[in-house]
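As written, the chains take the letters A, B, C, D and E, and residue 1 is the first residue of each chain.
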Amino acid sequence: MLRLLSFALFLVIWWIAAFLVGGAKLPSPPAVLQVMIAEASSGALFLHLGATLARVALAFTLAMSLGSAIGYLMGRVKLADRLGDPWLILLLNLPALVVIVLAYIWAGLTEAAAIAAIAINKLPTAIVTMREGTRALDRSLDEMASVFAMPRWRAFRHVVLPQLAPYIAASARSGLSLVWKIVLVAELLGRPNGVGFEIGVAFQLFDTPRLLAYSLTFAAVVLVIETLLVQPFEARANRWRPRAA
Amino acid sequence: MLRLLSFALFLVIWWIAAFLVGGAKLPSPPAVLQVMIAEASSGALFLHLGATLARVALAFTLAMSLGSAIGYLMGRVKLADRLGDPWLILLLNLPALVVIVLAYIWAGLTEAAAIAAIAINKLPTAIVTMREGTRALDRSLDEMASVFAMPRWRAFRHVVLPQLAPYIAASARSGLSLVWKIVLVAELLGRPNGVGFEIGVAFQLFDTPRLLAYSLTFAAVVLVIETLLVQPFEARANRWRPRAA
Amino acid sequence: MRLEVDITGKTFRSAAGGTHEVLAPVKFALQSGEVGVLIGPSGCGKSTMLRIILGLDHDFAGHIARPPEARIGMVFQEPRLLPWRSVEQNVRLAAPGVTDGKLSELFRILELDAHRSHYPGELSLGLARRVALARAFAVEPDILVLDEPLASLDDALAGRLRDEIATLVASRPVMTLLVTHSLDDAVRLGDRLFFLSPRPARIVAEVPIGIPRDTRGETEIAAIKASLAQRTQGDRIERDVS
Amino acid sequence: MRLEVDITGKTFRSAAGGTHEVLAPVKFALQSGEVGVLIGPSGCGKSTMLRIILGLDHDFAGHIARPPEARIGMVFQEPRLLPWRSVEQNVRLAAPGVTDGKLSELFRILELDAHRSHYPGELSLGLARRVALARAFAVEPDILVLDEPLASLDDALAGRLRDEIATLVASRPVMTLLVTHSLDDAVRLGDRLFFLSPRPARIVAEVPIGIPRDTRGETEIAAIKASLAQRTQGDRIERDVS
Amino acid sequence: ARAADTIRLAVQKTGTFSWELAAIRSTGLDKEADLSLEVTELASTEAGKIAMRAGSADIILSDWLWVSRERALGAKLTFYPYSSALGAVMVPAASPLQTLADLKGRKLAVAGGAIDKSWLLLQARMKQDGIDLKSEATIVYGAPPLIAAKALDGEMDASLNFWNFCAQLEAKGFRRLAGIEEILPKLGAKGAVSAVGYVFDESWAASHKDAVARFIAMTRKAKQLLVTSDAAWEKVTPLTGTTDPAMLKTYRERYRDGIPRRSIDDEEKDARVLYRVLAEIGGRDLVGPAPELDPGTFYHAVPGD
């Protein structure tokens, strides 16, 4: 309820701001909505959104799972941390553009190259977050699991994972947003469809309503997923926490 | 020692790879180094790196401090969370390109616009991470602080902050990398100097050694800062943790 | 200074749904200089009551009148130390006014000298509890709240520390609330004993001990205990032993 | 089955620098069916010894021979429950083989019925400790390690649970190591008592109790205690009471 | 003496405009024209549009298609020809492709994306021959430098790229299958059409009429200088990013070919024709609500046109 109210407030502020600065600088919500509807009814919106979402989903899953695994390892094993750290810092601080360009050069202007490049951009931040989470793990619970001879997987699932949950949540949320930022660049530079491609076109024409229409559609998708799926799930997973005042 | 070794290994692998695929696809380390030296001795490297570092430092500080504060608030106060959440998701999923373009349009092609746009891109991920950290805070220690009537600031510094430290570390590391990725786009689109500008130029000319030279210089700077400053500090701050096996 | 507790009820809603009534109506008052002892079965609601009295839990029915400016020293049931601060820092953070001399004395009494610079993760549970005691003493409290302060300590040490608590209580006008499972501790330290029922807790008997603490010898103590035991046989303890 | 402990030394390096010698040479062995009791001052190194014996700490000098396939049930000094799992899940995760009947019985004995679906954060410390006991019992251990299992419980409950431990030990060939500060518990449950010195811990006296557990009446127990007290007066306890 | 008029320019650092500006600066043409140029060098083409929209530049380089679109949407920009150089379809020297029709079924890389003018014109031209290139060939879009690199790699059968990248390929032995300017006549143009031009705000131009005229005259001189004076050309070679004499030669030739020489009215007439072609193929997305080139798109107030 409150969320909805807050969202409505956002629209109102946007509308007023658009009114004040003028449509050329900031298109008003109806102008953007109109483009959205037009693009949706032509089917283009779904086509592009679908393509982008598929890339996002793949790259995100890849980066999150691999990154979390590596981060966990680096948090647990000091040697892995020492060895991996310089690579990690390097990878973290390689510009997206460079990674994408190199990927396209090496693997061709292909879907695989795009997804790999996006995943590589997200990978190090997933590692970094998970490494911190792993370092902060409670050793006394590990000991408990080991004394009671819990099988590895059960101990991981019930002892370790819940402790990592807030880190995973943080890494997933900011990671999704990162992947989304990067996928646009990748599509801009070398894909024939997707929201990034459309944003590139809109950008070349300096068509701000279109730019916003495509940008906000993704945000809307995430908003819906968050509201309907992620947050109820999180609420359930966090039931055990003492309620906030 | 190990870190150095690992770094050397990286160079060796790079060199071999460059040798195998050819300098056109991947310039070899000496080729890149040569460009670095040339750019450094002409002073251009320092000029551009300096400009970028200044922007990074400003935007990073701004986004981290503001984002951490908001995230803390949202983690603590349920109402703030409910109200802020839709905005947060929106902000998270607004493409960097769009934010930067809008910022430039509204505030002109100015330094302030660039820094604001970069900060806005980093802000939501800082919020998200800090919110998770705050949600995971140990209430029993809060109670302790309140019973002993610790002044707010002292309680925050000694009770809350150390619990947030791993989240801050994760958010800072991945945040720095995000800011760096974004600053390049901002410079590409509307700044007359900086590493992003040079990378843009190098990309237009498809000058891969130059592309890599500028990209890696920043990574090198971060690597040095990490090794000499951050990691010794972290080791000190984490002294209390039981040593890993 | 006077502490007035008038709780008419406290209910927890558990995360799995369902409510747990933890406190029945409980009413008592405590004067400065008095030691009140709460004795009751495990899980009856003692710690919950302390949290309400200290203002850590506002979600209850009733009213608490606490002296507003009172400094509080508390020993929680678990040590609740800051794992990232050394033993000494833990104490100093709660009691910034503590002098070096006072701190040294406390550490000596509690046998913590060797552990000043240790982090809580490097302490045994008994040591950690002693640090929690040191912290509560260091603030020179007007209200001292002790939730099973002497658990996990060996008998000899526990005895010495009990005497220290008695000394502290005698030296300053401090109002003390003690939760314990040890009748011995209760009788040696308390001025008024509150026997609580199983959950939801209510006071089944309030037993004032007339003999001043410093004049209670082993014989008096044995006598009080015996009389208490007798009353508990009759299940409902009524009024005034001693 | 036989447990052989031969520790020649254990030293901790503290984070602030400096080393702490925690265990002096300690050597003893325990048979299946036996209850060994470790008694020693707070902070002397009992928990450390248990961690070494259970293989949780490998950084020590000496050797431990533990039956390789033995199932271990342990009550840590703090409850160490998983805060994000309910009481029942906590027990079932450690003891996946436990039957519903057995679980219900355990919960009944430990008076946890009302708390099955609670999360540990919703328990009192005493309740949490009981859950830890339930968990250790549920695995039907070959080696049972109890680090002050009855602290923070009221006397009545503690007595009942002590009897439960005795029953468990009698019902199956389980090897038990008990750490306690209560001489009473030690005498009622133990087959052999190990009195430890202050840190660095070494065994100052090993006292076997000859009378079988189930035949120890109140008079025998009082006698053993008295004889122990007598010996402890002479500071060094030598050999064999009973 | 009154202060020189200040003109703020936003230019792409790697573009030819910055060559001209370098020539202007080094020979003092700006002082001669009594202009003070404030140049913001930017790293991408789109940055210019941002600068214009943000009010941080008076003159940028862009195309009449965009200007017309903006005018239709309310922003009264105007356009003056700068260069008629257009892209070309390039193939490796040994390629079996001989005519544009051979592109059918091949892999064609297109720089600049789906709304690139050269690409739209090429599609329109092929449609005349009944070939729908978009569906009958495999099209790969990408950033221009990337497309150039891919072409060199041999990953593509053919590539359509901006003229400067084509010049690079040419110097590396690639063959022009067809230049876009060559197909313009078939689409109804009477001569070379300048797609790229100086873009500025109408009202700004009205209040700086004289300065604009001097600016355009000055740039004409600069262009001439670059073509005729080897010394001037030498000065700008460091900006091209290459030292290869063959490539430099191609650059210079192509640059020279691109200098607009027709009257502004002729340019506008042809632009009007091509606009219709583009509107048809690109649709509303491309041109916005206007089916015709907006009447004020071309700037006519320069004496001597």
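Simple rule for what comes next: a residue touches a chain if its C-beta (ideal position, glycine included) is under 8 Å from a C-beta of that chain, and two chains touch if they have at least 3 such contacts.
Keep in mind the model is a prediction, meaning the values are calculated, not measured.
Peer 1: Give me the step distance from chain D to chain E, shortest route via touching chains only.
Peer 2: Shortest path length, in steps: 2.
Peer 1: Looking at chain pairs B-C and B-E, which one is connected by more C-beta pairs in contact?
Peer 2: Taking the two pairs in turn, the one with more contacts turns out to be B-E.
Peer 1: Do the two copies chain A and chain B share over half of their interface residue numbers, or under half; same or different?
Peer 2: Same residues, largely: of all residue numbers at this interface, over half are found in both copies.
Peer 1: Distance from the CA centroid of chain A to that of chain D, rounded to the nearest Å?
Peer 2: 49
Peer 1: If you average the CA atoms of chain A and of chain C, how many Å lie between those two points?
Peer 2: Taking the average C-alpha coordinate of chain A and of chain C, the gap between them is 50 Å.
Peer 1: Any idea how many Å lie between the Cα centroids of chain A and chain E?
Peer 2: From the centre of chain A to the centre of chain E is 37 Å.
Peer 1: Cα centroid separation between chain A and chain B, in whole Å?
Peer 2: About 16 Å separates the centre of chain A from that of chain B.
Peer 1: What are the residues of chain B that contact at least two other chains?
Peer 2: 101, 105-106, 188, 196, 199, 203, 239-242, in rising order.
Peer 1: Quick check on chain E: which residues sit in contact with 2+ other chains?
Peer 2: 46, 53, 143, 146, 149
Peer 1: What are the residues of chain C that contact at least two other chains?
Peer 2: 15-16, 78, 119
Peer 1: Mind listing the chain D positions that touch chain C in their complex?
Peer 2: 12, 14-16, 18, 20, 39-43, 46-48, 77-78, 86, 111, 114, 117-119, 122-127, 130, 148, 151-158, 181-183
Peer 1: Quick one: which bits of chain A touch chain B in the complex? Just the residue numbers, please.
Peer 2: 2-3, 5-7, 10, 21, 25-26, 76-79, 82-87, 89-90, 92-98, 101-102, 105-106, 121, 124-125, 128-129, 131-133, 135-136, 139, 166-167, 169-171, 173-174, 176-178, 180-182, 184-185, 188, 196, 199, 203, 208, 211-212, 215-216, 218-219, 222-223, 226, 238, 241-242, 244
Peer 1: What residues on chain B touch chain E, complex-wise?
Peer 2: 24, 101, 104-110, 113, 187-192, 196-201, 203-207
Peer 1: Would you tell me which residues of chain C are touching chain B in their complex?
Peer 2: Contact set of chain C toward chain B: 51, 54-56, 71-74, 76, 78, 80, 82-85, 89, 93-96, 119-121, 135, 139, 145.
Peer 1: Report the residues of chain E in contact with chain A in the complex, numbered from low to high.
Peer 2: The contact residues of chain E facing chain A are 46, 49, 53, 66, 69-70, 73-75, 109, 112-115, 139-143, 146, 149-150, 153, 155, 285-286.
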